[in-house]
Amino acid sequence: MISDPLILSFVMFGIMFLFLLSGLWIGFSLFAAAIAGMLLYKFNLPPTISVWHKIGALIANSVWNSLDSWSLTALPLFILMGEVLYRTAISTKLLNGLLPWLTKVPGKLLHINVVACSLFAAVSGSSAATTATVGKITLDELSKRGYDKNLALGSLAGAGTLGFLIPPSLIMIIYGVLSDTSIGKLFVGGVIPGLMLAGMYSTYIIIVTLIKPNVVPKDDEEFSFKEKIKRSKEIFPVLFLVFIVLGGIYLGFTTPTEAAAIGVIGAYLLAILFKNLTWENFKTSLLSAVKTTCMISFIIMGAAFLSQVVGFVGIARALSEYIASLNLSPYVLIFVVGLMYIFLGMILDGISMVVMTLPIVLPIVTLAGFKPLWFGIFLVFMVELAQITPPVGFSLFVIQGISGEDISKILKATFPFFLIMIIMVVLITMFPEIVFYLPQKMIE
Amino acid sequence: MKRILRIIETASNIGAVFSAIFMILIVCLIAVEIFLRALFNTSTLIADEYSAYMFVFVVMLGLSYTFKEKGHIRITIITSRLGEKARNYLETVVLFVVLAILVFSIYHSAMMVYDTYSLDMRADTIAETPLYIPQIALPIGYTIFALQILGEILKKFIKEDGK
Amino acid sequence: GNVKLDLNAIYGATSFHTQGAMEFAKLVEKYSNGSVKIIVHPGGSLGFKGPELLKAVKDAQVPMSDILMGVVAGSEHVFGISSLPRLVSNFKEARALYEDCKPLYEKAALKWNQKFLYAAPWPPSGLVTKKEIKSVADLKGLKTRTYDKNGAKFLRELGGSPVSMPWGEVYSSLRTGVIDSVLTSTESAKNGKFWEVLKYFTNIYYAFPLNMVTINLDYWKSLSKDQQKAILKAAKEIEEKQWKNSEERYFSAAEILKKHGMVINDPTPELVKAMDKAAKKIIEEFMKKAKGKERKVLEKYVK
């Protein structure tokens, strides 16, 4: 029996790694580690209550609660939309249409993940949906055309997390309510950092291409202006889809969650229009979407229960309280808080992480002179980082699911983009104006 | 033995078909909601509630199929470096761990459904849905999943016999 | 011996009910000479949502929880009383209704294997809108986010088109126009900074929904007599304080809304009449399932 939350957290972490490395599926590893945590924790139960019964009831309830969620229902729909676009070759058309415009840019089509994710982030409030949809459309096409796999995977992982930073954003809404910060200002505050991050990803791709030209296929195709226009027609179907989905949201017809359904219907309509929708296509797109959805959701189920156990044991609280007790100077404090979130982000999902730590962290951070609005954006970055750190990193799982690549290869590919995100965090810490500029404009 | 395995696979496939059907139903329900609101200024008042219920079915009924199709992820850095015999042994142990977790989950989710039913717990929504109806997806999904794992374990033993 | 109890709080750490629970925890520690330590887990960080909480405390999944009564009314009829529309129209009446219902609440909690400790009301909900509401005609076609079935029925009865959506989607939906109004309190309107997207707050005193705190009976029985006494003493004190707080919060939050340019109106007599008529229908339907003492209490308040 262990009563110290910090020691227990390390023990649980160790057990989880043991299970993971022995080849137990990720969702099951999370369940197993959480059950072990419950058994090891000193609960002081009254004699009439058995700990096994408590664990069982909690698992049943947390699985039910994690799945009975309106905002999650957008996930399978966006995945399905991506599948339909992929199966019916509409995604091929998109890349064909974009290529003529990018031949002069070093990296060419490699920028598509960055651009498509930024665009899609304006539709979806979640990173998993952004990564899954864009990845389905781009990954296969890129490797078919001979682009470097590492850059394709990494840029997808990095840019996919923009779903949280570019509004609408689920995390910002939760933070806004918990911290008494204007959600509108948070939304606006995320725009410049989001675009900067996207810009830095693209810059990185350009630099790598200049150093190692072989990451991009060699075809010195030259396109005349007429040819360019002709080929651009192929972009229109997807542009049309983006327009109806975005338009639905910003003209006030749909909520972001509902927009996913419009996206699916639009994708099927396009497929019918191009006479690409066979029964076979229809069936495989659905079953494939079922597979990806279930894979992610099963991990979400495990993560939900693990988060619940972490909550009971008080790990996040103990860590935050420990940091609060250190009396650090502002920059050291934010550095240590950042480290804490990276650690927590390895085992928790973003929302739990924010909810569990905020009551303790926010007061010490504001006391040290940081503005809640700024800290909100900082926190969104932390949640984004958590998406791409193992062992619980949803973007990694999504990419694994749609690409079938080994997780260690995905990790290696993602690492440079992880570092870029860290640089961006350092930048907004040194120059908070990056965050404040637009919200201040908004008031005037 | 082959027949048992085939029946199990069929169960997983049927689960996947229903999972797909529920996915389409979510799309339809949300489309109806948007349509009603935009054109007739009214609402189903259940779209958010019922699409969440259907999402539970999408996931629970598809879990087993996803496993069968090797859709669930695991880390193979270590296991892929083991010899075949050691790997087989480890995989069997892991499958038993999975089975244990699933059987535990079947029992407790069934208890939850039974309680929700006998205590007549209802959603706090205009539909006042009895909650045991959507919750029943949990024990059903776990059961199909557990069968699939059982089949997987059987296969391991058959293979060993074959040698 | 020394006991540690987890208390699940649904709302965020800055919420008025969570703050009450935290203060309650402090008082309990003081009165029990440190032998009972209650740990408040705010913001639903234990993974509970609401409707399952009666059962969760019953099964000791969590030893203590704060529970919004209306949300568990689907499990236990009597907990639906406090969320009935316009049954009472000010804090004094709301308190009287609570005192009358308290024995019923205590009994219902026992049935669910838990001990009722205290309850306090949310500040009453009003109608927060983009356009001014002067008459029933202004409610026609209003797309209002409501938080429970009574609210939806009530507004539909008045000619509106209620929409149900999670709180997390409300702000952006107001901004883009998916909805144009919200049924909520001055306190929540303040916390959501609704002045950025809405303009009018109409004081319709829709309801005074109660939030209660309960403890699992097995845990309760495992405590010593002195510890139980300490908890009850703290509960009584916190209850008084929270009732007073709720009223103060209603007005102080209204002041903040005003400061940010919102206009706060009382409903016109015509609107009051129409609302009472709509509410009556819902209350009568609720009464159909009310028996014995519950019925008696309700009859006292139905106009």
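Note that the chains are named A, B and C in the order they appear, and that numbering of residues resets to 1 at the start of each chain.
Note that in this section a residue touches a chain if its C-beta (ideal position, glycine included) is under 8 Å from a C-beta of that chain, and two chains touch if they have at least 3 such contacts.
Which protein is which chain? UniProt says A = TRAP transporter large permease subunit; B = TRAP transporter small permease.
Worth saying up front: this structure is predicted, and the values here are computed from it rather than measured.
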Return the chain whose centre of C-alpha atoms lies at maximal distance from the corresponding centre of chain B.
C
Would you identify the chain whose C-alpha centroid lies closest to the centroid of all protein C-alpha atoms displayed?
A
So, in whole Å, the Cα centroid of chain A is separated from that of chain C by 34
Where the CA atoms of chain A average out and where those of chain B average out, how many Å apart are those spots?
24
Give the residues of chain C that touch two or more other chains, as numbers and ranges in rising order.
52, 59, 165-166, 178
Touching at least 2 other chains, the residues of chain A are 57, 61, 64, 68, 70, 253-254, 257
Hey, what residues on chain B touch two or more of the other chains?
37, 48-49
For the complex, which residues does chain C have touching chain A?
3-4, 6, 12-14, 39, 41-49, 52, 56, 59-61, 165-169, 171-173, 175-178, 191-193, 196-197, 218-219, 221-222
Which of the residues in chain B come into contact with chain A in the complex?
16, 19-20, 23-24, 26-27, 30-31, 33-34, 37-38, 47-49, 51-56, 58-60, 62-63, 65-66, 69, 71-79, 90-91, 93-94, 97-98, 101, 104-105, 107-109, 111-112, 134-135, 138
Okay, in this complex, where on chain A does chain B touch?
19-28, 31-32, 35, 56-57, 59-61, 63-64, 67-70, 72-73, 76-77, 80, 248, 253-254, 257-258, 260-262, 264-265, 286-287, 289-295, 297-299, 301, 391, 397, 400-401, 406-408
Chain C partner, complex, touching residues on chain B are 37, 41-43, 45-46, 48-49, 115-116, 119-126, 128, 131
Touching chain B in the complex, chain C uses residues 50-52, 54-55, 59, 70-75, 141, 143, 148-149, 152-153, 161-166, 178
